[in-house]
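Notes follow once the structure below has been shown.
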Amino acid sequence: MRAWEVAESFGRDNLRLVDRPDPHPGAGELLLRLRAASLNYRDLLMVEGRYNPKQPLPLVPCSDGVGEVIAVGAGVRGFAAGDRVCPTFAPRWLAGEPDRERLRTVVRPPQHLSDAEAAALPCAAVTAWSALVEQGRLRAGETVLVLGTGGVALFALQIALLHGARVIVTSSSDAKLERVRSMGAWETVNYAREKAWGKRVRELSGDGVDHVVEVGGAGTLPESLRAVRMGGTVHLIGVLAGGEASLLLAPIFMQQVRVQGVLVGPKSSFEALNRALAQHEVRPVVDHTFAFEEVPAAFDHMAAGAHFGKICIAIP
Amino acid sequence: MRAWEVAESFGRDNLRLVDRPDPHPGAGELLLRLRAASLNYRDLLMVEGRYNPKQPLPLVPCSDGVGEVIAVGAGVRGFAAGDRVCPTFAPRWLAGEPDRERLRTVVRPPQHLSDAEAAALPCAAVTAWSALVEQGRLRAGETVLVLGTGGVALFALQIALLHGARVIVTSSSDAKLERVRSMGAWETVNYAREKAWGKRVRELSGDGVDHVVEVGGAGTLPESLRAVRMGGTVHLIGVLAGGEASLLLAPIFMQQVRVQGVLVGPKSSFEALNRALAQHEVRPVVDHTFAFEEVPAAFDHMAAGAHFGKICIAIP
Amino acid sequence: MRAWEVAESFGRDNLRLVDRPDPHPGAGELLLRLRAASLNYRDLLMVEGRYNPKQPLPLVPCSDGVGEVIAVGAGVRGFAAGDRVCPTFAPRWLAGEPDRERLRTVVRPPQHLSDAEAAALPCAAVTAWSALVEQGRLRAGETVLVLGTGGVALFALQIALLHGARVIVTSSSDAKLERVRSMGAWETVNYAREKAWGKRVRELSGDGVDHVVEVGGAGTLPESLRAVRMGGTVHLIGVLAGGEASLLLAPIFMQQVRVQGVLVGPKSSFEALNRALAQHEVRPVVDHTFAFEEVPAAFDHMAAGAHFGKICIAIP
Amino acid sequence: MRAWEVAESFGRDNLRLVDRPDPHPGAGELLLRLRAASLNYRDLLMVEGRYNPKQPLPLVPCSDGVGEVIAVGAGVRGFAAGDRVCPTFAPRWLAGEPDRERLRTVVRPPQHLSDAEAAALPCAAVTAWSALVEQGRLRAGETVLVLGTGGVALFALQIALLHGARVIVTSSSDAKLERVRSMGAWETVNYAREKAWGKRVRELSGDGVDHVVEVGGAGTLPESLRAVRMGGTVHLIGVLAGGEASLLLAPIFMQQVRVQGVLVGPKSSFEALNRALAQHEVRPVVDHTFAFEEVPAAFDHMAAGAHFGKICIAIP
C-alpha cells in the first residue's frame, strides 16, 4: 500500500510517498481501495502544523474520499466487495485503512458522480447540508449569505438553490463572483471593494438574511452579524480568517441571533444529501483533479488560494 | 354594496344577488372593496347545506379573495387607502364587511399576481404551505404524494417543487395527469385504473413517500397509509371522499406514522408563502374566472368536478 | 441454557420449559445471562397467537429484560464481562441469545433499580418517553391524559410528573385510580361510570388536554379526540381495545390534531430516560415478580387484567 | 398622574417625582392604573445613561409591572375594567400610559401572585422561559448552568426545576449559594474562589452541561463555553460583565455549540409560563418591595448589587 505522509516535520515540502504494509479488516470493518480523495482547508493546516502543532508524526493527511470495498470483516452486513462507498468524516483514513468507526459511517455516493466528485462530499457537502437543512430548516423564499467560494461555500450555494432560497455570495474576485452568478447566485458582493459588506448585504436582502454560512471566523463574524436578520442564524463553520474575535455581543442577544457551531454531520445527513443530489443530478464543483503522484502540487494549489471548488486527487 | 347570498333555503339554485347597506370600518378595522374571489370546495358544501345544515341564513358564501383598502378604522397602522390586500381565512367576509378578526389577518399578496390569482391564495395555498413547510419541514430529495388536482393539491405540487422535492400525483383523469406532468410532477398514478394505488406509490418511491397531502379523507386514507414510509407524515386536510373512515389503526403506530390535521395557517405562513411565490414568480393555476354576475355558474362548474385549479370570480 | 417456549401450537397452556444449547457471541455481539424479564401485553398476544397468527413456532416469548454480560464478541468496544445492561426492544432475545441487532442496542440501566425494575424499561418506558418527551416536547404546565394503568400508562404518568405537567388518568377501577392519585395524578375519571369520559376530561382541563397517551385504539380513540385541545397531540401507542376504528376524521383536521404513531424509540431515548430516572430516583411500578418457573402463571396474571404496573420475572 | 422621570441629565440623583396629565386610551388601547413595578438591570443602565447615551430625556424608567384596567379603548375585546394584567415588555410604560403595542401584549398573571410578584415577571421570567423551554426544549434529566442570582437567573433556576432538570449555580457569595441550594440547586460554584469555574462545572456535570443561562457576556462567555457539552446551548441573555468579548471561536464549531441570543419572548411564552407557575404555585423571589416614594432608593439598592431576587416597587 502506498501513502503520502508528513514524516519528520511539518510542511508541504515534507510530504513523502511511502510504502506501508497492506491492512486487513478486523471485525466490523471494511477494507477500501481508494479511488479518489479531496482536500479540505483543514488538511492544509494539518500538513503545515497549524491545525494541531502537537499532532504526532508521521501523519497521513486528508479525510475525504471514495473507494471500492475489497475486503469485508467479520460481522459486517450490507456491504460486499465491489461496492463504491464514501467513508464519513474521520481523520487519517487516506492511509488506506478501512473506517475505524462503526460500519454505519460508510455511505453509498450518488451514482451519477465521478470518483473525484464523490470524493468531494464527506466533509464540505455534509457540513453545508447539516447547517442549512438540518439545523437551519431552510425553506423556499429565504435568503442565504455565503462567504467566499470554497468547498463548503459552493455546496451551500447549490443546496440553498435546491430548496428554493436565494443566495448572496461574497468574494474578493469578480471572476469568481461571475461564476457563482452563472451557478444561480442572486446577488454578489466584492468584499475587497465593499468593506462594509455586512451592511450592503443587509440592504440587498431587505431586513437582513435568514442564514449566514460563516466560514471566516474572527475576520468576518462582525460583518456577518450586521448582515443577518433579527432571529436569523449564523452557521459558524470555520475560522479561515482567524480564530480569535474581538466581538460585540450585544447584537447577538438584542437581535436574537443564533450562532450555531457546525462540524460535519451524521450519516443520516450524508444520505439525505445524497438523495437530493441524485434526484437533481447536482454535481460538486471540482476545480482540478491531480494525479496521485502530484499530491504536493495539490496542496500548493490550495495554498495559492485561486481555486474555485474542490481540489481532488485521482488514485490509480 | 351588492352581494350573492343563499337566503331562504340551501342550494345552488337559491343564490340571489342582493343589495346590502354599505359597511363602515370600526376601530381596528379596514374596509375593502373586493376585486376578486375564489371558490373552495367547502363553499360549495356550505351553499348546498352539507357543510353545516344548521348554518343560519342568509349566508354570503366564500372566504377567499383580494381587495383594495378604501377606508381605515381608528387605531389601524400600516395600511392606507389603495393598498391591495388579502384577508386571511375568515368566514362571511365576501359580504364586503371588513375583516372582523384582528388587523394582522390582512397580508399583501405578491405583486406579480393578477387579482384572480391573488384571490386564490388564502385558504388553499396557505394550507398547502402550512402542511408541507411548517408542519412537514419538507426538504430537497423528499417525495410527496398529492391526491388529485384540486386547489390545495396543485399548490402542494408547486410548493413541493420549489423545495426540491419530487411529487407523485393521483387522478382519475389522464388528461389532468398529463397537465401535472407538464407542471413538473415526477410520476402520476390513475387511481381509476390502479385500485391499489397506495401500493403502487410505495413501489414508485422505494420505501414509501415522506409526505401525503391527503384531501380525500375516509375514501382514501387507507391507501394513503399504504403509500407513506415508516416515520412519514399524512397531512390530513380534507374529507372530499367521505368523513367517516373504517380505519385499521395498527399501521399508524407500527409504522410510526404522523397523521397531522391541517386547517389553513397563521398570517406568518401566508407571508412566508408570498415571499417564496414572489421570488420564483410562481402563479396559482386558475381554471376559469367568472364574472360577478355568473357566481351560480361558478358553483355549477365546481360541482361538475372537471376543473383543474382554482375557480375565481372577478368583481367589478 | 433453559428457555420457555411455545412449541407446537399457540396458547398459554402450551408454554414449555426446555433446554437449548448455550449460544456463543459472534463478531459484534454480546452474550448476556439474563437476570430478569418483564411482560408486555404484546407478549401475551404473541403467546396466544393473536399478534401474528403466522408466527413460526417454536417461539420464545418476551422482549424486555436485563442481564449481565458474560462474553464479548470480536470487535465490541465499551462493554466487559460483568456489565449490567438492558437490550433495547428486539424480539426473541429471552432465549438468552445476545442482541442480534447492532451493539448500540444495549444500554446501562440506572443503578438504583433492582433487576426486576430494570427489566421493566425497554418497551414501555422508552415508548412513553419517546411519545411525550421526544415527539411531544412536553413542558411544565401542560396537561396529559393517560388511558388506563398499564405499563406505558404508568411510565407516562411518572415521566409527565417529572416534567412538571399535570396528569389525568382513566380506569374502570376506583382502587387503581386511588393508587395513581397517590402517585401524583391530578385528576381521575372512572370510564365505566363516565361513558362520555372524553367530554369530562375536556371540561376538567379547560380547553382540552395537550397530550393523550392513547393505548386503547379503536375502542377509545373517538373519546380521546374529544378530550384533546385544538392543536394537541394524540400519541397512538397501542390498540388494546381494538384495531379497527370507525372514525370521524373531521375533528382531526378541524381541530388540527396530531395523531402520532409511536413504537418504542432509539437508544438515545433510552439513555435520556435513564438519566432522568436516575437523577430523580424514580422506580418503575412492579406489580409482582414471578419466579422463572412460574412464567405461565405470570401470563395468566396478565390475562386476568387486575395488575397495576409491570409483571416481572426473576431469572436465577 | 404621577411618575418618576430622569429629566435633565442621566444619573440616579436626577430622578424626580412629577405630575403628568392623565392619559386616555385610544382605539385598541387599555388604560392601566399600575399597582406594582419591578426593576431590571437594564433600567439601572438607562437611568445612568449607560444603556443608550443618546436616549432622549425626560425618561420614565422601568418596563415591568402589573396594573388594573381602568379604561378600555374602542375596538378592544376580552378585557374589562378591574382586570389585573401585566403589559408585556415595552419601554416607557411606567409613566402610566397604556400599552402602545397591540392588545395582544397584555396577559393575566397567575392569581396566586401578589402584585409585587406579578410585576416581577414580564422581562426576567419570560426571558428565562423563552430560553430554556421554547428555544432550549429543556427536558428532565438535563443539567443547566445558571450564572449568578439575578432576576433571570433565579427564574431560570425555578423553571429548570419545574422541568425535572438539575441546576448548577455560580455566585461570588457563599450566602447566596446557600440560598439557591435551599431552593433546589443541585450544585454551586463560588466563582470568586474557583477562577476556572467553567472547568469545574464541566467536571461536576460529567460531559458538560446541556444549557448555560449566560447573563455575563464578555466577562463570562469563555468559561461558559468550557462548561457546555458538545452540542449544548449557551443562551446569551445579557452582558452584565461586559459587552465586548475577545473570544476564541474554534470551541463553538468544534463542539457544535449553539449560542442563542434571547430577548424576552412573545405573549404565548408569557402565557405558558403563567400556566406553569400557577399549576405549581411557584412564586418569584422578591428581594424587597420599596414604596413608590422610595424609587431612588430602589435603584441604589440595585446598584449596590447585594440583592437576591427582584427589586419591586409598590404603587398606591
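First chain written, first letter: the chains are A, B, C and D, and each begins at residue 1.
Everything that follows uses one rule, which is that a contact is a pair of C-beta atoms (placed from the backbone, for glycine too) under 8 Å apart; a residue touches a chain by one contact, two chains touch by 3 or more.
A quick note: this is a predicted structure, and the numbers were derived from the prediction, not measured.
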Comparison of B-D and C-D by number of C-beta pairs in contact, larger one: C-D
Euclidean distance of C-alpha centroids - chain B vs chain D, Å: 43
Euclidean distance of C-alpha centroids - chain C vs chain D, Å: 41
Touching two or more other chains - residues of chain B: none
Chain-level touch network, classified as line, ring, star, complete or other: complete
Contact footprint of chain B on chain D as seen in their complex: 26-29, 73-75, 102, 104
Complex contacts: residues of chain C adjacent to chain B: 217-218, 221, 236-239, 243-263
Chain D - residues contacting chain C, complex: 133, 137-142, 159, 162-164, 166, 272-273, 275-280
